[in-house]
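The following pair of complexes shares a single chain, subunit A, combined with subunit B in the former and subunit C in the latter.
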Partner chain A sequence: MTGVVEAAGISKWYGEVLGLNGFSASFGPGITGLVGPNGAGKSTLFKLLIGQLHPDQGTLRLLGENPWNNVPVKRRLGYCPEHNTLYGWLTGQQFVEALLRLDGMPRSQAEKAAEDALKLVGLSSAAQRPTRTYSRGMRQRAKLAQALAHRPEILILDEPLSGADPLARVQILRTISEFAKAGGHVLMSTHVLYEIERVTNNIVLINNGKAIASGDIRSIRALIDEHPHAVRLETPQPRQLAQALARMDHIVSLEIPEDEALLIRTRKPDAFYRELPAIVADTRLEVRSLESPDDSLDAVFRYLVG
Partner chain B sequence: MSISLPTYTRREMPLLGRRHRVRAIITTGLRREFKRPAVLVVIGIGVGVTIITSIVVVLFAGVFLQGQPLDLSFFFTPASNGAILFFVTLMASVVGSALIADDLQSMALTLYLSRPITEGDYLAAKAAILAPMISMIAVFPLVLTPLVAALLGSFSWTIALEAIGLSFLIGSLFTAFYTAATLALSSLTRRKSYAAAGVFALTFGLTIPAEILAGPPFNNPAVLYASPWENYLAVARAAFGATGAPIDWRWSLAILLAATAIAALATYLRMKFVEVVSG
Partner chain C sequence: MALLSAVPLILAVGLAAARVASFDVLQLFQAVMVPLFLQVVLIFVTLVNATSLIREEIDDNTLPFLLTRPISKPAIATYKYLGYLAAVLILLVPPLVVAYGVTEAYGGLSFTTDLDVLGGFLLVTVLGSAAYGGLFLFISVLVRKPLAVGLLIGFVWESIVGSIPGDVPKLSVIHYLRTILKGTITVSPLAGYRTDLSVATAVGILIAFSIAMVILTIAVFQQMEFRQKA
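Let's look at the complex of A and B:
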């Protein structure tokens, strides 16, 4: 086991509910995105990684160590929980400072480090306000600030962009990228795929407690070729175009979802895109637009989770 | 328009030891408690009432306790003040019941325990928040009473100093019991109201039936061992040399100490194996 995180056959039950189901994955250095719908098991995996849950089966290693009740490992990680766990009566500055002092940072240094962290996430101007007055995006930034203020080796961020406004998203993603560039590792969960694409190509797709794919986005996209690839054409003559395209042996299905649209599913998208111009030219049919729902990572996810 | 953002650089930080980390939890907890009006009211009224009644007893000792020798046994009277039981219970409910339950409910525990602190550190800090609050009612008035009595010249300093020492010990015993029991109850639930109800049930649910069953027509004093308050009274009575104990103070002391230790151990084990499950 050499990855930053190594999970082998991890299962976790909450009574009769299965949180993780034989989850196996290896997360390397840099930024890794954990992508899955709500209830997929992302938060459960993170709780296991920060040592607050104990796996019922399997082995888990974070930075080479078992994280369960492992205090030394906690010094090396920064955790940003999904849920609102801010003490509302504390100001942003006090909140970050208090958690820094839990790391054993002297008061004077904690004060400065908290200021730096809040500045990093763009909360300097609100640092002296009670956190109960913060918007959701500000809370997310405050939680990110406390996670990275003590300079951890690895950041574990549970839905850090949830509820964040556009500027906050820019700041959060920029901060995460800078952290990784400085040599830190980041595990970041989201159920919105395009958010991950902005900061990393390394993703792990999780659904129903299982890792269904992992690796570079491009290699995951290669999996698409094993599944029908959808292309939607806008045309005033969908039936005629469907007849022409039906000659392609890699076409799986042809569907007319609307009066002037044609939805094609093919097992060989490269061949389809290569042959389409010639067919359109030969039949003199009008094609107004072409779009593939597969162009975003969302489509990859939809394919893989069925 | 361009946005200029600061960049991240890593740096090593010297880190302080466990004691400082525990202190950080205590500071955060106390900062919270002293901002809660309910806590301030309970502290104000609780400390005020227990002190005033104790001092009144001292001032009018000669009137109220005619024929009773003004020796060490006199100090059993302020120690057995029913206001102590009521306000200790109230303080434990208002402050103590929320200490762990709120962290479980808000999932602040996830942040605490993602830091390099142990469950033992966390519990020690929580106990260090609650115990001083309870001792303001269970210890402070008892210690103050002999001091005032000596200053007024009602008692010799020898008796007063002995009473101060004994008051401190028995008040601390009562404080330790309520601290451990309250934290145990608070760790069992995410709802502080349940824990608070548990504290009241522990106090009055055991004391009132025990006192009823100990008196006529049942006349079964052994059931008084079930009441923390009656056990405390038995120990206090023995400590101050007062007579008329319905139960053996040795058993009472053993029960209080054992219950305190068991509650503390149970809370530690609960925290050690608690899994913070989010929604």
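Let's look at the complex of A and C:
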């Protein structure tokens, strides 16, 4: 086990409900996105990583250590929970400062570190306001500030962009990127795929409590090549084009989702892209545009989870 | 909560305002304070405060902020309990002292005349807060609805246990608190209360009980898992 986070055969039950089902993955340095739909097991994995839960089966290591009831490892991690509840009676400054004091930081040092962290996430102007008056985006930034303020080695961020407004999203993503550039590790979850793509190509896809793919987006794309690859063509003559393309032996299906569109699924995308121009030229059919839904991470995910 | 804590003071001022005959005002104060303060105010204030210490953090989803700091769960539980004890005593003790002072002043007596009464009530306030706090804190890590269970124990069991014959009353906190009041106050409304324990034994049992409850709380809390509420 050499990764920042190593999970081997982790299972976690909530009574009869399975939260994680033999989850195995290795999360490397830098930013890693944990991507999956709601209920996939992302939050369960994070709760296991911060020692809020312990696995029923399997082995889990965070920075080389078992996180369950492990106090020293907590000094090395910063956690941003999914829920937006803060201690509403505290101001943003007091909130971050109080948590830093629990790290054993002296008062003056905690005050300065809290100020710096709030500035980093763009909350300086609201630092003296009670957090109960914060918008969801501001709460997300306050949570990020408390996670960052003690300069941890790894940030574990559970849906850090959920409910954040565009300005907050930019600020949060910028902060995460800067933290990683400075040598920190980030593990962040989301069920909105394009959010991850903006900060990393390194992802782990999770569904039904299992890691279904992991690694660089390109290596995941290689996995896709084993699955039918979708291409959408905009054409005024979809039926004629479908007839022409049906000759290709690697075509799996042809579908006309709209009047002027054709959706093709092929087992050999390289061959398809090579042969398509010739077929279009020979048949003199008009093709206005071509796009592959598979170019987005969203499509990758859809493929892998079926 | 503050209003409830001020019941002793309200009671004393009420007695004074009602112009109760001064010769028995202190006895009347005591007689009313036992059922009202001991069986209602003390139990309710400790119940609400102690059950919310950890359970509220779980229900509000704020516990992860504490659990991801380099501080152990036993330390979290212990500091929370000590904080609870300080907060509850700040709530309960001043009104009690002022109420006693008002009562004495109304009777034309100096503050130090009946210090045994003040001392007895202060002792049961401190020990009762510690014991009930430990008990309700322990319940709060055992069950999801600690307030309901605490209400049953605090207001049903603790109320009826005194009238059960034999050694059964020894299975309540209030038995030891009554024993202390009986033993520390010279002319106590609990003079006829049946107990075979000395004040020192009752104090020792309550201290041991409080410590045991906190240790049990820590043991359960240490192994507890926390599923955030959706």
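Please note the rule applied: the second predicted complex is superposed on the first by the 306 of 306 C-alpha atoms of A that agree within 3 Å, B and C clash if a C-alpha of one lies under 4 Å from a C-alpha of the other, contacts with A are read in each partner's own complex, and residues count from 1 in each chain.
Operating definition for what follows: a residue touches a chain if its C-beta (ideal position, glycine included) is under 8 Å from a C-beta of that chain, and two chains touch if they have at least 3 such contacts.
These numbers were taken from a predicted model, which means no experiment stands behind them.
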{"item": "Clash or fit, subunit B versus subunit C on superposed subunit A", "value": "clash"}
{"item": "Touched partner set for A:87, first subunit B, second subunit C, both or neither", "value": "both"}
{"item": "Subunit B versus subunit C as contact partner of A:151, first or second or both or neither", "value": "first"}
{"item": "Partner chain(s) touched by A:267 [first = subunit B, second = subunit C, both, neither]", "value": "neither"}
{"item": "Touching partner for A:109 - first (subunit B), second (subunit C), both, neither", "value": "first"}
{"item": "First, second, both or neither for A:179, with subunit B first and subunit C second", "value": "first"}
{"item": "First (subunit B), second (subunit C), both or neither touched by A:171", "value": "first"}
{"item": "Footprint overlap on subunit A, comparing subunit B with subunit C", "value": "14, 43, 47, 50-54, 69, 71-72, 74-75, 77, 79, 81-83, 85, 87, 99, 102-104, 146"}
{"item": "Residues of subunit A touching subunit C in the complex", "value": "14, 43, 47, 50-54, 69, 71-72, 74-75, 77-79, 81-83, 85-87, 99, 102-104, 146"}
{"item": "Interface residues, subunit A side, partner subunit B - complex", "value": "14, 43, 47, 50-54, 69, 71-72, 74-75, 77, 79, 81-85, 87, 89-90, 94, 98-99, 101-106, 109, 113, 119-120, 122, 146, 148, 150-151, 167, 170-171, 174-175, 178-179, 181-184"}
{"item": "Interface residues, subunit B side, partner subunit A - complex", "value": "3, 5-18, 20-21, 23-25, 27-28, 31-32, 35, 106-119, 272-273, 275-279"}
{"item": "Touch list for subunit C against partner subunit A, complex", "value": "60-73, 222, 225-228"}
